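Letters are used for the chains, namely A, B, C and D, taken in the order the chains are written, and counting of residues starts over at 1 for each.
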Amino acid sequence: MRMKLSYLLGAFAISGCISAAQAQTLRVAMTTSDLPLTGGIPDNGSEGGRFAGYPIFDGLANWDFTKTDAAADLTPGLATEWKVDPNDKTIWIFTIRQGVKFHDGSTMTVDDIVWNFDRHLKESAPHFDTAQARSYRTYTGQVVKYWKIDDTHLALQTAQPFSVLPYLISRVFIVSPTQYKKIGNWLDFQMQPSGNGPFKVEKINPRVSIDLARNEEYWDKGRIPKVKKMILMPIPDANTRVAALRSGQVDWIEYPAPDSNASLKAAGFNVVVKPYPHVWVWQYNHTSDSVLQDKRLRLALNYGLDRDSMMELLAGTAKPSIGFYEKESKFFGAPKEMFKYDPEKAKALLKEAGYGPGKPLKLNVQLPTAGSGNMVPLQIGEFVQQSLREINVEVTHEVVDWGTMLTSLRQMPGKGAEPRRDAIAHGLPLGDVTNFYSQFTGMANKLGSNWSTFIHPKVDELANKAFQTFDAAERDKLIAEAHSVVVDEAAWLFVVHDLNPRALSPKVVGFNQAQSWYQDFTQLTVKD
Amino acid sequence: MMTPQTLVRARNLNVKFVSRDATVHAVNGVDFDLAEREVLCILGESGSGKSVTLRAIMGLNPRAKTVMSGELKLCGEDVIAASEARMSALRGRQASMIFQEPMTALDPVFTIGRQIAETIVRHEGVSYKAAMARALELLELVQIPSAKRRLEAYPHELSGGLRQRAMIAIALSCRPKLLLADEPTTALDATVQIQILLLLRRLQQELGMGVIFVTHDLGVAGEIADRIAVMYAGRFVEEGPVRDVMRAPLHPYAQGLLGATVHAGLRGKRLTTIPGAPPDLRDLPTRCAFAPRCPMVENACRSAVPELRGPEPGRAARCIHVAQAAQAA
Amino acid sequence: MSTASTTSPDISGASASGPKKQQGYWAGVGSRVRRDKITLICGGILLVMFLLIVFAPWIAPYDPLQGSMARRLKPVGWQGHLLGTDELGRDMLTRLMYGGRYSWFVGITPVTIAFAIGGSLGILAGFVGGKVNMLIMRATDVFYAFPSVLLAVAISGALGPGIFNAILSMTLVFIPPLIRVSESVTTSVRNLDYVESARATGASAFTIVRVHVLPNVMGPIFVYATTLISVSMILASGLSFLGLGVKPPTPEWGMMLNTLRTAIYSQPLLATLPGICIFVTSLCFNLLSDGLRGAMDVRN
Amino acid sequence: MLKYILRRIAYAIPIALSVSVVCFMLVHIAPGDPIDAIVPPDTPKDVVEQVRKDYGLDKPLPIQYAVWLGHVLQGDLGRSIATRRPVAGDLILAARKTFVLALTAAMFGFAIGIFLGSLAAFFKGTWIDRLAVSFAVGGVSVPHYWLGMVMVIFFSVLMNVFPAMGAGPGDWQWDWQHIQYLILPALTLSCTPIGLLTRTVRGIVSEILNQDFVTTLRGKGLRNRTMMLHVVKNAAPTILAVMGLQLGYLMGGSILVETIFSWPGTGSMLNAAIFRRDIPVIQGATLVLAMFFVMLNLIVDIMQTMIDPRIVRK
C-alpha cells in the first residue's frame, strides 16, 4: 500500500497527465443514464440507434452520411435495392446483399432476415422478443406479412400501400441467429451481440461502457472504421460530460450544456452544430382528458411563447420552431397561422375561451430530465413555464426520467390509467416523413403512436394519399399540405429546433457531421 | 543507617490553576518537610487543596493550566523546574501514588498483572515475563488471595477491597521511598477500610517508606499518622504530632473538625459539623480564610492572614488565638 | 454522598439536576451562551437569514419567478442585482431568499415532527419501561439498521418526487435516533431519587411526567434535535439536488445548485452561491447546537 | 464470549428479517397497484398476470412477503423494469464498486479524523484544538456533492491531475490506472467521516485523558507511547462503533457523490432507478445495502466484545 502511494505521487509529478494516450481509440460520452440495450433493439431513442444501433448493426436500408449539406437520406444497407411490387403496391421486394458476414463469422442469408422479423412480429416464434419487440412497433407495425422469395429476395407486405416503408424498417437492425442460438436468450445476447455493422462489440461493461472494435471484415470497404476502437460511456450529467472532455477522459461528448459551449471553445475544443430534423415541442393531449381539446387554447400558447428570447438561453444551439417542420423545409407548406410572439393575441384567445387574470389556465405537463434530443429540458421547460405565466397560464411540471416519459408516450391518454396530462414536453426526430405519419394520423394512433391523439380527417386523408403515392415530389406536396393543417390546428406547442451540438476534442479529426440523428464514426480519426 | 534524608521539602508552595475564565488559588503558601519513614496525614475538606498539594509533589496537576511557585523538592529533585521526562522517571520509582476510587484509577481494559508489570518494565528495564513474576509476588505481598488467577483479571472483576490492594501493588511495584495516598480508604466499606489501613501501615513499616496520607477521616489519620497537618483554603492552618493535635487542636477550624473531645471511637466519622462553607478560591484571601465561619472571630482576623505561630516545638497554627488555645489545653 | 462535598457541583449532567435548580440552571445556561461568541454569531447569522426568508415577499427586490433572457447569468453586483441573475435571468438574491424558505422548511420540518413523535415515544418507552419499552426500542432498532441517507432516498424514491414525500421520508429517518436519545435520558431521570419519591408519595403518572420528567428531559432532547437540523438541511438539499424535492420553478437551494451547475464555467461564483447558502446554514446550526450543548452541560 | 457472540448473531436475525420487511414494503408504499411498480407499464395483460402470479401479488400481504423472501433467499431480486435484466447481477457489480469507494473514503476519513481528533484532545483548548474542530464542523456541514463539483473543476478541469468521472476501464483493480479515478470521489465522500471522527475521537480521548486512571498511569511514570496504548485501547470500542456506522453510512449514502462523479456503483444505480421509477432496483439495492449495514454492525459488535473485557459480563 505504501509502495503504491509513493508510486502514485511519483506518477503525478512526472506525467501530470491522467489518461494514458489511447491511440486510435475514440471515447464518447453519451447522454443516456445507462447503456442503451445492445441486442439489436436499442432503447434510449435515436441516441440508442446512433450508438448501439448503426455502429454495431445494419438495417436493410442504412443512412447515407456522405452528403452533409442536406438532410441525410437512405442508402442501401443489407439490401442492395428495394422496390414496390408493380402489381401489388402493398408488397415490397428487397434484394439481399450476398456474402455478408456477421461478427461471429456466420454468413447472412435471407432466412436470417425472416428470422429477425419473427423476433419482432411473430409472437409464437421461440425467439420472439417479448420484452423489447413492443417498443419497436412504431417501426415494424406496418408490416403485416413477410416471406422469403428466393435466396436473394425478401418480401414485406403492408396492410395498405405505404410508400415510405423503407424509412421505417431502416431501424430494424439485423442480428445474427447463429449467435442467438449459441447463447439462447435475448438478455445474454445483449452481452455478446453479433451483427454486421462496421464495429463489433468487444466487451459490455454493464452500466459503464460499450467497448467496440473495428470490424475489419465490414462489407462496405469504404466504411471500415479508421479508429481501432470506440468506447461508449453513458454520462447523463451534462456538467460531468464537459468535465470529462476537458480533463481529457473522453474525446467526444454529446450535447454539452449550452452554457458551457463558450468556455469549451475558449479552451480549444470544437463545438459542432448543424441543423438536423428535430423539434422540441409540447405534445398536446387532444383527448377529452384535457382542456387543450379547445383549439383557441392551443393557438394561444403558440402565440404566447417568446421563442426569440429563448435563443439566449440556448446560446446558439437552436432556432425557433413554428411548425413540426422548419420553415425552410419542403414539407412546411403554407399554413395560415404563422406563429410569432404576440401576447395580446394570446391573451385575447384565452379570454375568449374563458381564461384570464382571475382564472388562469392550469396545465399539467410531463417533462423529462434528460434524454436524446431533449436538449436541456428542465431549463427549456422552466423558460416556457415562465413565458406562459405572462399570459396567465400556470404550468405544473411532472418531472420524470426520460425512459419513463417514453413509456408514457406509449400509453394513450384518456384511458384513466395514468395521471391526467395536458401535454408531454420533449424533443423528437422528424427524420423522415414516417415521423409525420406516426405523430399526426389516426392510423398511427391505432398502432400505439401519436400519443396526442391528434386525429384530423383532412390530415388522415392527405397522409393516406401521400403514403400511397410512390412519386416522391407528389408525395412531398401532399405531406406539406397536411403539415399546413397541423400548424393551423396548432396540433402541438412548437418550441425550438435543435442544432445538434456536440463537443469534440481537437484530437478528433475528419468528422463531418451529417444532418441526421445518426452519425458516421467510420471516417474520423483520433490523433495521438 | 545514615541520617534520615528529607523526602519532600516544601517552602511557600503556591499552586494556581489558570484558565480563560478565572484563576483558582488552590495552594497558597505551604511549608513542610517529610523525612524518610515518616507518615504525614493531611486533613481537610474537599477543595481545601490537600489533593492538589499531593499531586503537586508528583507533578501530576494538569501541566498546561498549573502555575507553581515557591520551593518543592522530591528526593532532592526540584519539582517545579524539572522536565516532564525527569519527573516521569521519578514517578513510580521514587514516589508512588494511590487514589480514592480504585475502580476509576485502574485502567478498565488492561489486566491487573499487565498494569503492575508495565511499571516494572518501565523503571527497571526487565523483561515483561520477569515483570509478571514480580507482579505475582506483589499481589501476594498485598495479600490478594489466589493471586495467580487475579493477575489475569480485569479491574471490574475484583471487589473494591481487592482493587485497592491491586492499586497498592502497582504503587509498590518499584519499591518507592515515598507513597502518596489520596483518600485511599474513603470509597471502601468500613470493614475493608480497616484491612487496607492495616495493610498500608504494615507495608510502610516493612518497606520503610515515607507516606503522605490525605484524608478527611479522622480515625484513619489517628490510626496511621506520625504527624497531622490540617489544611484550609490552600494553607496548613495547623500542624503537629498526631497525638497532640488530636488531643488539643489549636486552630478553631481544627477544633471544629474534631469536636470538643477526642477519643478513639472517631474512626469513620466524617468532618461535618461546621456551619458555613469554605471560601471561593478564585480570590486569594487577604485575611484569615476561616474568619467568616469562626466563632472566635475578631477584627484583627480580618486585617491580615495570620502567621504560623508555634506555642510549643513541633506544633504550629495560623490563628491569633493560638496562645489562648495552648493554655486552655 | 457526604455533605462535605456540597461545594463540588453535582456533575451528573443537565438531566440529573433536580427541579428546584431549574431557575438557576437555565439562567446559568443563558449566561454561558451569552459569553460564547461563536454561538452568538451563529445565532445572529441564522436569525438574520430567518428574517430575510420569512419577510422575503416584502423585502425581496424582485419577483422570484420573473426573469428576462436579456439579463441572464449576470455576475454578482450587476446593475441592481446584488448577487447577479440565474440562468433564466431571475434575480439571485431574491431567489436565494425565497429558496431559503423551502430549504429551511424542508430541513426543519422533519426534525420538528420527529422531535414531537420520537420524543413522545422515547419518553413513553423510558417512563413506562417493560414491554412498551421493549416494543418501541426493537422497532427503532429496525430503522437503525438502515443508513439514513439510503432510507430517505429509498422511501422518497418509492413514493416519488415531491416536497411532501421528501419531508415524510426524512421524518422517518429522524424519528429513531430521537426515540433512542429520549428513551435513555428519560430512563436516567426516572431512576433519580426525587422521581422515585414522587412516585412513593402517590403522585399520578401524568403529574410525575409533567412536573418531574418533562422539564428535565426536554433540554437534552431539544439540543440533540438541533444537531439533527444541520444533517437534515444537507439531506434535504441533497434530495432536491437529485430531483426528489420541490418542482421547478419553485426556488430551493439544492435545486438551484443543480440547475445553475452548467454555468459553473462561465459564472463560477454565481453557480456556487446556493451551495454557500446551504453550507453556511448548516455550519451555523452545527455550531449553534454545539454551543447549546456546551452551555447546558454543567461539567464545562 | 462465544455464547455472547452467538446471542448477538441470534439477535441480528430478527433485525435482518424486519429490514427485509421494510424493503418489501417499498413496492407497496409506491403509489398505485404494486404490479405497476414491478413491470413496465406497456407490458401485455397476460404477461402482467403471469408476473402477478409469480410474485403472489394476488395473495394476502404476508404470503406475498413469504414468496418474495423465498425469491430473495435464492438470490432473485426481481428484474429491472428498465433493462429487464435480473437486479441481482447488476447489483453485485455495482456494490463492489461502491464498496471500493466507501472503503477508501472511510480509510481517508478515519485516518484524518483520528489524527485530528487525537491532536485536538491532547491540545485541548489551544489553537490546534480550535483549528481541528473548525475543520470537523466544516466537514459535517458542507454539502459534499457541492464540494465534489468544485473539486472536479479544480483538479480535473483546471489542473488536469485526476479524472473527472467514472471508475476507470473495465473491472476494478487496485492499480494506479484505476486508483486515480478513486481519489476525487473518495476525498469528497470522506468529508463527513473526517468531521464525525474528529469530533468523536476528540470527545472520547479527552474524556479518557480526564479519567482517574490516566493520572495513575502518569503517576507510574509511564512513557508517552505506553500511555498512548492505554488511551487507544480504551477509546477503541467506541471509535470502532463509530467507524462501523460510518462505513455503513458511506455505502448507503454515496448516491450524490456517485451521481456527480458518474461512479458506477449502487448510488448511481439507485439514482437512475429512482427516475425511471424502477422499483425492483430501488428495492434490491436498499435491501443489499441495509443487509450490509446489519452485518457490519454485527461485526463491529463482535470486535468490540473482543477488545473490551467489560462487555461480555454485562
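Remarks
Methods note: contacts are C-beta pairs under 8 Å (C-beta built on N, C-alpha and C of every residue); 3 or more make two chains touch, one makes a residue touch a chain.
Quick caveat, the model's predicted, so the values are computed rather than measured.
Summarising the inter-chain layout, the chain whose CA centre lies farthest from the centre of subunit B is A. A count of contacting C-beta pairs for A-C and for A-D identifies A-D as the more extensively joined pair. Nearest to the global CA centroid, when each chain is reduced to the mean of its CA atoms, is chain D. Distance between chain centres (mean CA atoms), subunit A to subunit C: 47 Å. Subunit A and subunit D have Cα centroids lying 39 Å from one another.
If each chain is reduced to the centroid of its CA atoms, subunit C and subunit D end up 23 Å from each other.
Between subunit A and subunit B, the centres computed from C-alpha atoms are 89 Å apart.
In subunit D, the residues that reach two or more other chains under the touch definition are 149, 153, 157, 259, 274-275, 277.
Multi-chain contact residues, meaning those touching two or more other chains, do not occur anywhere in subunit B. For subunit A, the set of residues that touch two or more other chains comprises 239, 369. Taken in their complex, subunit A has these residues touching subunit C: 238-239, 242, 257-260, 262-264, 306, 309-313, 369, 376, 378-379, 381-383, 385-386, 389, 396-397, 399. For subunit C in complex with subunit A, the touching residues are 65-70, 72-73, 87-88, 161, 243, 247-249, 259, 261-266. Residues of subunit A that touch subunit D in their complex: 4, 7-8, 11-12, 16-20, 33-34, 37, 43, 130-132, 134-135, 187, 203, 205-209, 231, 233, 235-237, 239-240, 243-244, 246-249, 369, 400-401, 403-404, 407-408, 410-411, 417-418. Interface residues of subunit C facing subunit D in the complex, by the touch rule stated above, are 138, 141-143, 145-151, 153-160, 230-231, 234, 237-238, 241-244, 254, 257, 261, 264-265, 268, 272, 275, 278-279, 282-283, 285-287, 290.
Only residues 125-126, 211-213, 215-223, 226, 230, 233-234, 307-310, 313 of subunit D touch subunit B when the two sit together in their complex.
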